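Two complexes come next, and they have one chain in common, chain A, joined by chain B in the first and chain C in the second.
On to the complex of A and B.
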């Protein structure tokens, strides 16, 4: 029973970091309408910023978190102005190829400038945990989970309680209609894409604390984020948290209870994507 | 103008007919720490070789290619080296997965390979019939022999009985895992957990939970440097009460020794810069002079020894004829930072360099890697976590 509860807890804690990565991707898909294959690379930039600020200036990653988010928001906004906006009306394949290319470019720039080495961040709370009976709650993962809940709550609040949020929803529903009623669509897209990248950076900072920073660190998380937004429904922000929990807990259960489950855990997200798509098409057919 | 022209002509003449060596290394990806270390070792060796007159009277040329720690990238890079760059010899090769992937093209082009890494037994199977394959790194069963010897010592001194094993699911971690478990059992240990994981995933929560339930004395993991910190973090967070955490990644993360989570973590290495061997001291001094620091990664001296011995064999052969160079390299008997190097048969390949006796176990103690076994080279006794 104790192992089962710890497994559920492990899955729940892991889902926090998944939700953080997926929330940004969901925003890009939901508002801008673009599937950003470079999302993992914006996470990577955040991870490297956290590492650099910690290694060279001694800044704690949690303190550098807002700076990393702002900096990557800027990188995202610039990326939008320079490239994304030009393909928004192009066929989806072109959009995907562009973001895929952007991802490769950013990854290789990191390789050229920073090398392929794994960089780790040292913090006093890295190995911290809270014991509840025999169960352990890891500190950084609990922070990630708390942040994910907070950020998703804040995003929900912005989308449903502010003018900018209403504009975002309007643009997501009908771009031309929004233009006709005077919404600056370009500005909304730029902010949404920048925030999406900023959220990836926040996840990246936590990934640097939990794992490491490296040019390829974003790939695994981006793949899982895709599974989450498919489960939640493309662009559905509110579904991101539960979909992350489903993925995190499923992986933990497979790892713990399926023989050789550690090798199967990465197949879980493919299986969930497959099951979700089949279920949706089955429901649609009815 | 005339001077420039003359310099150009001289340069062109000097490189014409030069011996060309290709180095395939993981300069990025999961094995990049080893790859970067090996690159530095090669650069140092290259400088020394060319200062001493080069190879066959001309400066040796060395071309690097990044296999990205990925078989899919390794194959085209290898083929490009052999067919486009037209290198005379290939060196490098850290990862087992990439080495298996290039075994086909290597045999197709009959490439001369002086290989420094790739310890998994499937690599040995893949190159068993390749007559120009020289393997410097001990095969995994030699590594395991050294580990088992250390664990037997811990059974006597620390009453260690139960071992939990976590291994990555690629060829490096998985090949021979059944033999490993069987050997531990035969030696009188209880293997209380055997779990695989995806390297680089960082998701060790469930594995550590299972280990906690199994109550091991030793937590033994086989993976890459990317797994070291996430695993150590999870073990600390879940308060896994274990006597020793023992890992065998080919290299460790940069700066890992400075992290408090690394304290008492143990590992296996072919070499440490503190080795009293005179060749090792000379290597450390030369490395420090060239790069301004000291490496703890054994792939740096291994690559250094690799290129120096290959260059010496080519010079002795007096040509780049593969048979002649192979015959000379096979006769190698030289002192290295790891001890003496000679080539003899392994279980399946013809030319195997270092074997079990070269390994040592160390522990991260006070920001440093301190040798703890074998006792003849130990600086401290093992710090047991219980």
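On to the complex of A and C.
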């Protein structure tokens, strides 16, 4: 029983990061209508920023977090300006392939520049742990989860309580209609895409603390984020939270209870994608 | 259109591929045929190896393009390439290579029917994600199989093709690319071409026109995967050694996709041309940068989408109508 609760807790904590990555992706899909295959690479940039600031300037990742988020927001906005904007009306395939190309480009630039090694960030709280009754939680994991909850709370606050958020949701629902009532759609797209990338970067900083930074670290998170938004339904922001928990907990269950689970737990999200897609396709939704 | 969709053999279509358009393709194969006999000097062995892998890249790209013609833009090409490689590695131990080769390709082709059936009703990004997931599932399964069977994460030794004779291997690759090109041209001239195009441009409309979408989509999957697996066999037989990470690497799905788009989608010459250009560029870069030469593919993909949507073929045929091979 204790093992089971511990497993559930681990899964839940893991889902915080998943939700961060996936909500960013869902924002790009829902508002801008772009399936961003380079999402993981923005996460990777965030992770490397955290590592660089910590290794060269001795800045704690938790302090560099807002700077990484802002910097990658800028990178995302720039990316939107120079590339994404030109394919907004192009066939879906072209959009997909464009971001796919961007992802490969960024990943391999990092590989050329920084090499394929993994870089770890050391923090004073790395070895710490929290205990709740019989259960124990690693300090960084708990901090990461807390931050993820905070940031997601802020995101949903913005989306549902501010003018910008309302504009984003309006554009997501109907681009032309929003234009007609005087919303600057172009600006909303730019901000939404930037925020989407910024969220990935925040997740990246947390990933650098929990795991490591490497050129390919983003890929697996992006794939899991795809699984989550496919489960949630494309562009459904609330569903993302539930789907993240489902993914996090099922991975933890597989890790604990399936023999040799470490190797198989990475296949869990593919099974979830497959199951969801097959279920959808037979139900006839698209 | 309606005539082409008629049943029966009475439909005789005029070949809509003029001979003149076949000229560049013929030229390519002629060059490839005489390549090993050119006086290449000291580096001939190295150059022959590059040429070999260029041919393999051509097989991979062209087979990907055949699938794309039916509107299925797949990220699972690495899976069938890898299944071909692994199938050959395992079957090659119990049967001669000329049997193991088609057998491995057949297995990959049959497995592709499963993927095709599952993803039948998915389109666009759903299809792309599902195929990407499929590749990872295949890799995970092979990696977690008992080491005695498939070598696990460490990899597997493969019997060398044709006793490791580089020139013979080159001609085998040449033959397979020629075969792939002939299949592609045959599709271009048959009713399959029209069926694929109809499905690509609108599945519902195709269905209304009387195209059996399920049959043709699966057929495209089978042909494409069969050919991709032959490419995998060449790769495995050339390198003697395969492991799941490299064989099923995303790069093996990206390369054919980028190559086809860069060369010119839905043509026979385009993917082959693209493979030649990109493969040589990759090799040049490979010497100066160890890792990350895929950067070329990323850049080329982005630039092609933004400025060269019809690829190299579009440049070659600017202003001319039809006749694309």
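One rule holds in what follows: the second predicted complex is superposed on the first by the 277 of 286 C-alpha atoms of A that agree within 3 Å, B and C clash if a C-alpha of one lies under 4 Å from a C-alpha of the other, contacts with A are read in each partner's own complex, and residues count from 1 in each chain.
We take it that a contact is a pair of C-beta atoms (placed from the backbone, for glycine too) under 8 Å apart; a residue touches a chain by one contact, two chains touch by 3 or more.
Bear in mind the structure is a predicted one, so any value in this text is a computation, not a measurement.
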item	value
Clash or fit, chain B versus chain C on superposed chain A	clash
Touched partner set for A:78, first chain B, second chain C, both or neither	neither
Touching partner for A:98 - first (chain B), second (chain C), both, neither	second
Which superposed partner A:119 touches (first chain B, second chain C, both, neither)	first
Partner chain in contact with A:256 - chain B first, chain C second, else both or neither	first
Touching partner for A:214 - first (chain B), second (chain C), both, neither	first
Contacts of A:2 with chain B and chain C, given as first, second, both or neither	first
First, second, both or neither for A:87, with chain B first and chain C second	second
Chain B versus chain C as contact partner of A:273, first or second or both or neither	second
Contacts of A:132 with chain B and chain C, given as first, second, both or neither	neither
Common interface residues of chain A - those touching chain B in one complex and chain C in the other	111, 115-116, 215, 260, 263, 266
Chain A residues within the chain C interface of the complex	35, 83, 86-87, 90, 92-94, 96-98, 100-112, 115-116, 215, 219, 223, 226-227, 230, 260, 263-264, 266-267, 270-271, 273-274, 277-278, 280-282, 284, 286
In the complex with chain A, residue positions of chain B that touch it	26-29, 32-33, 35-36, 66, 166, 169, 195-198, 200-203, 205-207, 209-210, 212-213, 225-226, 229-230, 232-234, 236-239, 253-256, 258-261
Of chain A, residues touching chain B in the complex	2-3, 6-7, 10-11, 13-14, 55, 111, 115-120, 122, 124, 126-129, 131, 136, 138-141, 207, 210-212, 214-216, 220, 251-252, 255-256, 260-263, 265-266
Chain A-facing residues of chain C, complex	73, 118-126, 128-130, 132-134, 136-137, 140-141, 143-144, 250, 254, 257-258, 261, 289, 291-295, 297-302, 305-306, 309
